[in-house]
Structures are given as C-alpha cells and as structure tokens.
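In what follows, chain A forms one complex with chain B and a second complex with chain C.
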Partner chain A sequence: MSSSPAGRRTATTAVASAASESRRRAARRAERLFGAVVRTAAFAAILAIVLIFVFVGREALPLLRQGQAPGHGEEIVSWASLAGPTTYPDRPPRYVWQPVSAVPKYNLLPLVVGTLKTTLVAILFAGPLAVLAAILTSEFAPRWVSQVVKPTIELLAGIPSVVLGFFALMVLATWLQGLLGVRYRLNALTAGIGLGLAVIPIIYTVAEDALAAVPRSYREASYALGASRWETAVRIVVPAALPGIFAGVALGFGRAVGETMIVLMASGNAALATWPLTDSVRTLSATIAAELGEVVFGGPHYRVLFLLGVLLFVFTFAVNLAGELTVRRLRERLGGRA
Partner chain B sequence: MRSSKLVAVAVLALCGAIPGGPARADDVTVKGSDTMVLLGQKWAEVYMASNPGTKIQVTGGGSGTGIAALANGTTDVAESSRPMKPQETEAAESKTGGKVKVLPVALDALSIYVAKSNPVEELSIPQLRKIYTGAVGNWKEVGGPDRPINLYSRENNSGTYVFFKEHVLSNDDFDPSAQTLPGTAAVVNAVAKDPDAIGYGGIAYAEGVKRLRVKKDDQAPAVEGTLENAQNGSYGLSRELYFFFVPGRNAAADRFAEWTVSPDGQKVVKDVGYYPLPNAK
Partner chain C sequence: MSSRLPGRPSAAWKGSAFVALCGAAAAIIVAMLAIILADVVRNGWAGLGWEFLVSAPSEGMRGGGVGPAIFGTFALVLLMTIAVVPVGVLTAVYLFEYARPDSAFARAVNLAVSNLAGVPSIVFGLFGLGFFVRFVGGGIDRVFHAGELAWGKPSILWAALTLALLTLPVVIVTTGEALRAVPVAAREASFALGATKWQTISRVVLPQSLAGILTGAILAVSRGAGEVAPIMFTGAAYFLPKLPTRLTDQFMELGYHVYVLSTQSPDIEATKPILYSTVLVLLFLTFLLNATAIAIRARFRAALRPQDA
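After this line comes the complex of A and B, so read on.
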C-alpha cells in the first residue's frame, strides 16, 4: 500500500516529460482504476476475516451467554465444566474431554495444554534450525550452496501437511520411540517435530529476506573497521535483521497453533493435561477437525467446538499482535542506533 | 473415502435444512448409525441394482441423529446400533402418528484386540472396565507381564465408542490417557505395533492382532466372538443393529427394510463383515 503514492509520482513525471495531455489523462485513469482494484481486494480480505470471526463467534455465543441451544435444552454447558476438573465419587478429580457421554465433559484445559505443548516443541525445533540456516545461506555459504539449500527448504513449504503428518505418524514416531524408548509412539514430541517441519520454511523464508535486506554498506563498514566475517554476521547483520527474524518466528508460531492435519495424525489425540512432552496430547485444532463433522447441529457440543475456534482465533491474534509490537519496538531501538 | 463421505453428509445436512417438497414416491432416505453406514450403503447399492425404480440415500450422523430425524420426518428409516429409548419412541409416534417398527437387521461382535506377543488370552468385562477407566494400569494385574497398559480408543463420534462406553464402562469416563484414533483400522494398526496395547473395534478388522476371549463377568466362561456365540448371545459384546421406521408412511422404504432381512439382504451383511441374524431365513 505504502508504495502506491511513490509509484504514482514517478509514473506521472515519466509520462509528463514524454507525452501529450490525453495520454496522461488515460494513464491517470488506469492508475485510479488499478488503485481501486487493489483497495477493493485488500478490503475484501479484511471483510472476509471479520465475517469469519463474526460467524465463528455467533455460533459460540449462546454458550457464552449460558443460554440453552434451542431444541437441545436438556444440556447446559456451565463455566465450571469448561474450566474443570471433573470430580468423581470414587477417584481423584481429573481433567476430562469427553463430549459424547451420558454426562458430557467439556474441560478445556487438556486441549489448551496440548496445543501449547506441540507448538512449543515445533518452535524450539524449527526456530533455531531455520534461523541458523538463514544465516548460513545469506552470510557464509558459497553461492552454489545457497542456491541448493534455499530452494530445498522452500520446497518443504510445498509439501501438503497431510503428507508431513503421514511421515510423522509412520516414520518419525517409530524412529523417536526407538531412540528415546518412550511409552507412547504418538506424543507431543512427535507431533511437535512434525509441525516443526511445516514451520521451518516459514521462519526460514522471512528470516532470509530480513538478512538479505540489511544494506551492503553495513557489512562493508564493518569489514572496513577490521571485523571478521563472523563478527560482522553476529554483531552487525543479525541484530539489524532481528525484527524480521522475530516476525518470522511469530508467523511460524501462528502456523503451528492452527495447523491441524499433522497433529491430528501424530499426536495420539488423548486429552491429557500433563507436563511430559512424551505423553500423548489433543490439540484445539485437531479436536475441531475430528468432532465437527458429525456433531449435532446447534447442540451444546457444536457450540463448544465453535468456542474452541474462538479460542484458536484469539490465540493466534494475540501472538501476531505481540509479535508485531515487539518487531516495532525492536525496529525503533535498532533504527535509533543505526 | 472418509472425507468424501463427510462431504456427502455435510451436503445432505444442508439440503435437509432447506425446507423442500416431499421426495418422489420411490425415494428412500436412510439415516443414522455411523457403524452401519457402510452396511446401509452396500444394501442400497445391491437393492437398487435389482429395483431400478427406487432411489435410496444413506447417510450417517450417529444413531441418535437418525432417530431424531425419524421423529422429525426427515428420514424414512433410522439406522441405529442401539435400541430406542422409550421417550424417543414416544416422540416419534406422537409426531408421525404411526407406530414405530423395530427391525433388527444384523449382528455385530465387538472385538478386544491386543498385540500378538501379549500372553493374555481373555479378559472379563469388569476387568475391561477397570482397564479403560484407569483403575488397572498394568498387565500383571490381569495375568500378563509387568508392563503398563496403553489404551487405544475411538473418536467420540464413533458409534462403537458409544457402545463401548455404555456396555463396557457402564457410562463411566475413559481414562484421559486413552489415545483416540480415527477408525478401527487405525486402532488395529496401532495395537499391532505396540506390545503393551489394548484396543477395541469391529469383528471384521482384526488383521495382525490377537482377539481376546471375553467373559461376561469374572465367573463366566471365556467366550470367543464367533458367529455362533454372537448369535446365541453368549458373547458379552455382541449387539444388534437396527432399522427403525414407521410402516405405511413410505411403501418403498417398507419394502427396502423388509428386504434387508431376506436371504439376499443377509448375504450382504456377511459380505460387509458383520454377522447375519440367527433366525435369518
């Protein structure tokens, strides 16, 4: 958006110096038309997002008002049952997600824990790998290495997530179990690493662009002062590109939170609220995917699933907002120093 | 396959939401149990091949959904893997003004799977309940090696999940550590790979795993889930699969329902992997 006034100015001067009044007017009209098209497209995208949020929120709303869904009035989902834990007469209370039951249990904590665990593993796995790979290809590797590594990593982004999920389910799970001797084949670690594979290209691409965008003059100034390649990369280029790298990680985080197929296939889908990363988990996104297909339309279970959607939406929105704010602050700080 | 089925269900659900005129006289809609979707579709396919004038649509959604649709008049036949509750029968009869016919159409024997290397051969239903609610967590407590028990279960939209929860757990909750897998084939695959595993599912799927003999209670004899034991009722986890419909409301639906219990219809049951009824002609 911000480039359009500049584009208009250069276009106008170029035309003015060369051509007649009518041609200039036609060009201006085309310019205006193009501007309108771009604006419409941008607003359509924003409108779509708002509409999706309104739709998802509206389906969950009756639940938040503690009302009863029409036609299914026999069940009410109370705040206590969403917050959990479920209590039993003969055993200690525990967090239970079992919406299809004589008495449905909708404790949300296991799903939130599951989402956080897989996302954390994914970011801890993918973040360092992707950022280091970006530093390697932009700063150190010879040209031919970069020309092989860069497209290869970017090709990862083209692998459908169902294929990554299948890989995690069949290969990665067996391999990790053999390596770590864990009890459950499918667990947060397996799913998280599978997710990481989907996240690497996102972080890598954004970080690589950020590093490449650092002006050549910074590097030259550093070399001129006698700094080595390492010193230049670590102390000049990476700090200057930090906002971009951070933005990449935030984007990757958002993808990992919302990604569905990989976790649905490789996480084991047991709704456990426990600490170990080698326990099976059930994520918000996988729960929606697994259950929405055959739920009673408009019933309490249906509404709770939409509430999960709202949670996911709020989650990714908060992460993106925090990422954006941090990037802005970093940019101000670094901009001031440069 | 599964996703295309889901799409079909979604599309039909949408169509159902739009009020439309009554279907053609020879159109039959069948809705309900997900356990029976494959069976119902196969029945429809075979029946339509020999009765070209009749069009049968079969969708899932769950037994409860099918029964509700029967009461609302949006389906001619409700497929169900459980009997109707009295208040459901009452609702259906007061809304349709007819008498609901309960027609058992097939038998299913739910199997308990363990890995082939597991020395355990039999479990009682109370033991299964303790295992799946988390009260028993080690194989040595039920006569196996000193190893933890890894639970495999089904997604909660599965009719098999509901049957297991009702008949084995007596409506208690599954232990949260039970991994939920998207289909019986996935359960069998996971159990085959995990020496500490236990899983449950339909009789027709048990490839590469061991099926346990089941005791109705701790004193009862251990019984294998064979055709004979399912038919004479000695296998504790056998269940009837039903058609519910209101005779006289749609003649084509009545003819189709009666055909499923004919020898031709019962042959399809066997082909799909369930057991035909004991008194099948």
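After this line comes the complex of A and C, so read on.
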C-alpha cells in the first residue's frame, strides 16, 4: 500500500488552493465543519453510556415513588420486599421470586444467589484453563502449538452465545446428567460450564497480554542467575503479570454476570435460593429475558425487571472499570511491551 | 528447554509437570471447540441444502427452512452497519487525529468506549425498549401520528440501532488500530505540501486505513449477527408470514430462531434436525465473517509493518 499516488494528488490540491483565495476560505470552512462533526461523533459514545443509565433507570425509578403514593394498595413494591424475605402468617419467612401470582413476590435473593452460583462455576472452570493456556503459549510453547491454540481461542470467541447455550442445553446437559446422575438436566453446573466457554477467550486474551507485557530483561536476569525456564515463568513472569491476570479474571466475571442466552437456555430457570450446584437456578439476566416479554408496560413487574437491569449495569460497570484501570496501571509500571 | 541446568532432577521433574499441566489446559480448550464444531456439523449437515436456505418454516417449525431468518439477519446487520460505521470511524478519527491523548474529553470518550464494551447485552435490550421503542418511537407517534401506533413498537429499525450501540466499541477500536498503523511520515508529508488537516485525513489517512475500517465493520457485523438478547424485545419475532419491507416491520433472525426452536418447541426430537441445521448456518456465517476480518487484518498489518521501521 504505497502513499505516493495519494500524496501526489494532495500536492496538486494544495498548489491549486494556494492559487485561489476564495477556495482557501472554503477549505477553512470545511475544516471547521469537519472538526465539529468529528467531535460530535466522539460525543456519541459518552452520550450512549449516559443514556443507557438514564433510560434503564428511568423505567425503574417510579418504584421509589410508588412506595409513597397512597391508593396503590397491593401494587406497592417496597425496598423491604425486594431485599427481605416474604413473611407468611402460618409459615416461617422465605425468599421467593414469584412475580406472577395473586400476591406477587419480588424477593431478589434467589436471583442473586442463582447469578453467583453460575458465575462461580464459570470462573472456576474457565479461570485455570485460560490462565494455564496463556502461560503455555506465552512462555513454553513451540510455534506450532501457539498457531493451534490462538486461532482456537479466536474461533471460540466468535461463537454466538446462543449457540453455546444451545450446546449446553442439548449436549452438555445430557453428558453431565449421565456423568453425575443428577435429577435435573438443567442446573447451575450445566449453565456455569456453558458460561465458562464464553469466558475462556476473555481471560486468555487479557492474561496473555499481561504475560507478554513483562519485559524481556526480567526473564534474561532470571536466566542469568541460573533459573530454568519454568522457574522463571512461575517465580518471575507470572508474579509480575499477576495484576493483569486478575484483571482478566475480573473482566471474565463481569461478562459472566451479564451473559444472558447461555443461562437462559441451560440453567433450568427455577428461582431457588439453595446451595447445591446441581439445583436449577434463575439468574438476574435470564429473569429479564424470560419475563420482559410478558409484563404489563409500566406495571410493577416491568419496573422491577428494569431495576434488575440497573443492578447488572452498575455491577458490570464497576467490575469493568476496576479491571480496565488495573490493566492500564500494570502496563505503565512495566513500561510497555519489551 | 535448553536453558535448564543439569544436576537438579527434582526441579526438572516439577518443571515438566507444570508444562504438562499447561499443555493439558490448552488441549482441553482445543478439544472442547472441536467437540462443539463436530457435533453441530455432524448433526446439521444432512439437513442443509438450497431448499433449507430459502424456504420458510412450516408444520409448526418442524419442517421447511430458515429463509426468512437469513433475510432478516442480513437486513438487520445492513441497517446496523449503516448506523455504526460512520459514527465509529469518526469517533476513532477524533481520538487518534484530533484529540490530545491526555485531554479530559478524550479520556472520557476512551473510558465510555471501554465501558460500553462491557455493558451486558440484555441491558442493551432493556435500553432499546425503554429508549428507542418507548421514548423515541412513542414520541414520534405522539407528535406525527396523533398517538396512533406506528413507530412506538418493536421493529427492525430499533433493533438495528440497539445493535449499532452494542457494536460501536468494536468499530472504534479496530479503526483506531488502523489509523495508528498509518505512518506519521505520511501525515507530515501531506502537511508539508500545504494540505489542511481535513484534506490530510480524507485523502491520505483514511484511504490508507480502509482495510482496517473494513475489518472493524466485518467484526461488528459478525458480533451483531450472533447477538440475541438485545433484539428479543426491540424487534425480533417468533414467526412472520412475510418478509420485512419497511423500517417499522418486525423480522425473523437466525440467533433468535435458534433460541425459539431449542426452548419453545413442544417436541424437541422432531425439531432437532432443523435446529442443528439452523445452528450450522449461523456458525458458518459468523465464522466466515470472522475469518475474512482476520485475513484482511493480517494483510494490512503485514503491509504496514516495514514502513514503521
């Protein structure tokens, strides 16, 4: 790709515009106009983030006021009923998510527990695999191994999440049931492993970047002191890159919490606040996806679903920000790529 | 392994064990991808054919093909591309050609872009419903249609704009990479000949980054074609008897079709062959797009590398 034809054309243009004063003025006007257009476009990204927060929040906001308005009777969704358990006259209090019933119950705990369970499985499954594979390709592997692993990760990252959800639902669930003999095919474990498949590329990419950013001089100093290749990798390179590896895990966590289709298809979607990983679960994201299609616009259920959206947005925003800042600081500390 | 010192058998043993562990992890990842692809190809291949690609679903989703879903997917990503590429490219031009990297506004834009990339796709769906469908669409109906429902309902336009927001970071980051790869000398030569900034950008920088911009657009299309959560409530439909012809029409889409077939079917065994073939079409489409993007990117990286030195 040579620049000379473009350069020659520019030169001609420059000479021509120098010849004519009015043309130069027009060029200046075009210049200002383009500058303004470019700045406006750049503003779009900021506007998008602000609008997302405002408009998802706006639909949830009336929940706050509804608690104070008299005459709404049973339609009130108070903060206490969101955070606390449902109380019964004849039974002990229980955490219930049951938005469609004579008395809708909106306790968030089962959804939060479900989200944490699937996310935990995903991170425990994907984290070690992705980090070890990143150490392999950046520290040990001969060229041909990297040339197999890296495209694999790129392909995996390119698989739409609905396909991973489909795979977890149709294939993985049956295998796991046969392997563990559990009662329900669709549970936190199935969904978590499916989710892990989506998270592996994120953790791998960030971890591999962090390992590659460790300057060569660190490794050379270690070899000079007589350390072997694996000692250098484990004691020098990995510790130096550790903040970046953690950032990768954090970003993977953020993705796992917000991921929708995989958990919607493979988690069983029963809102249970129980410990076993082999119980069905319902996550925050899957709840929105499963229920938003059937709610009354502007009703309390609709508002609560947008509130779940606000929770997801704020949470992933915080996790991503922390991850992003860690990566940036690490890169500054290690002085960029060697 | 030549740097290992002799005379420390225990360390050598531990070293081999650790490398073997790393190798096993990588092998598991490769194997899982192979299993997914093999499963989909093995079960989906038989059902593929011209008839499947063009015909509409029939017999309650147990027969026919995915023609309307393919059409809807293409129409959706086309609209999305028209919306996202100009905004994304101009934002990248601002970040890399106009802004001082340490200015507060540039930092804010960078931060917004990286956070936009991390917003969960279902939140985009909520936003699309709350903003595009209810606020913008509902507003247009109130002002121009006296409250009659025309724009204030899910449609292909609102779904495409929602996806455009979701894929904006992809376009910005990839275009930025391409802009950075254009040698500074090319810009300086242009300035030295008396060209203005706008002339330099439009006639020197952008033409040289065309391959990178194309890569960004293709990656955005690939990402957009696979997302389901953002379009569930902003325009995608379960089944439609006719193709979308206007911006306010709803549409069928491949990813959403996979979701519907695999979760809402009353008889999953009867739907299974069609389901697998649909997944195969979707996977083939996204892989083809990604492979094209990777190939183009590799070429422009290789082409620009010697000039950097």
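Criterion: the second predicted complex is superposed on the first by the 257 of 338 C-alpha atoms of A that agree within 3 Å, B and C clash if a C-alpha of one lies under 4 Å from a C-alpha of the other, contacts with A are read in each partner's own complex, and residues count from 1 in each chain.
Criterion: contacts are C-beta pairs under 8 Å (C-beta built on N, C-alpha and C of every residue); 3 or more make two chains touch, one makes a residue touch a chain.
Every value quoted in this text rests on a predicted model; they were computed, and no experiment measured them.
For chain A, the partner that touches more of its residues is C, with chain B and chain C as the two candidates.
Once the two complexes are laid over each other on the shared chain, residue contacts for A:Leu186 go to chain B alone; chain C is not touched. By the touch criterion stated above, A:Ser81 is placed in contact with neither chain B nor chain C.
Touch criterion not met for A:Thr205: it reaches neither chain B nor chain C. Using the contact criterion defined above for the overlaid structures, shared-chain residue A:Thr118 touches neither chain B nor chain C, since it reaches no partner.
By the document's definition of touching, of the two partners only chain B reaches A:Ala271; chain C does not.
Residue overlap on chain A between the chain B contacts of one complex and the chain C contacts of the other covers 264, 293, 297. Touching chain C in their complex are the following residues of chain A: 1, 3, 6-7, 9-11, 13-15, 17-18, 27-28, 30-31, 34-35, 37-39, 41-46, 48-49, 51-52, 55-56, 58-59, 128-130, 132-133, 135-137, 140-141, 145, 148-149, 152-156, 158-167, 169-171, 197, 200, 204, 223, 226, 228-231, 233-234, 251, 254-255, 257-261, 264-265, 285, 288-289, 292-293, 297, 305-306, 309, 312-313, 316-317, 319-321, 324.
Against chain A, the residues of chain B that register as touching in their complex are 6, 9-10, 13, 17, 34, 60-62, 64-65, 68, 134-135, 148, 150, 155-157, 161-162, 165-166, 171, 173-174, 176-182, 190, 193-194, 196.
For chain C in complex with chain A, the touching residues are 1, 3-5, 8, 11-12, 14-15, 18-19, 21-26, 28-30, 32-33, 36, 39-40, 86-87, 90-91, 93-95, 97-99, 105, 108-109, 111-127, 129-131, 134-135, 165, 168-169, 172, 183, 186, 189-190, 193-201, 203-204, 207-208, 211, 222, 225-229, 232-233, 255-256, 258-259, 262-263, 272, 275, 279, 282-283, 286-287, 290, 294, 300, 303-304. Note for the complex: chain A touches chain B at residues 86, 91, 94-102, 105, 110, 174, 183-186, 264, 268-273, 279-280, 282, 290-291, 293-297.
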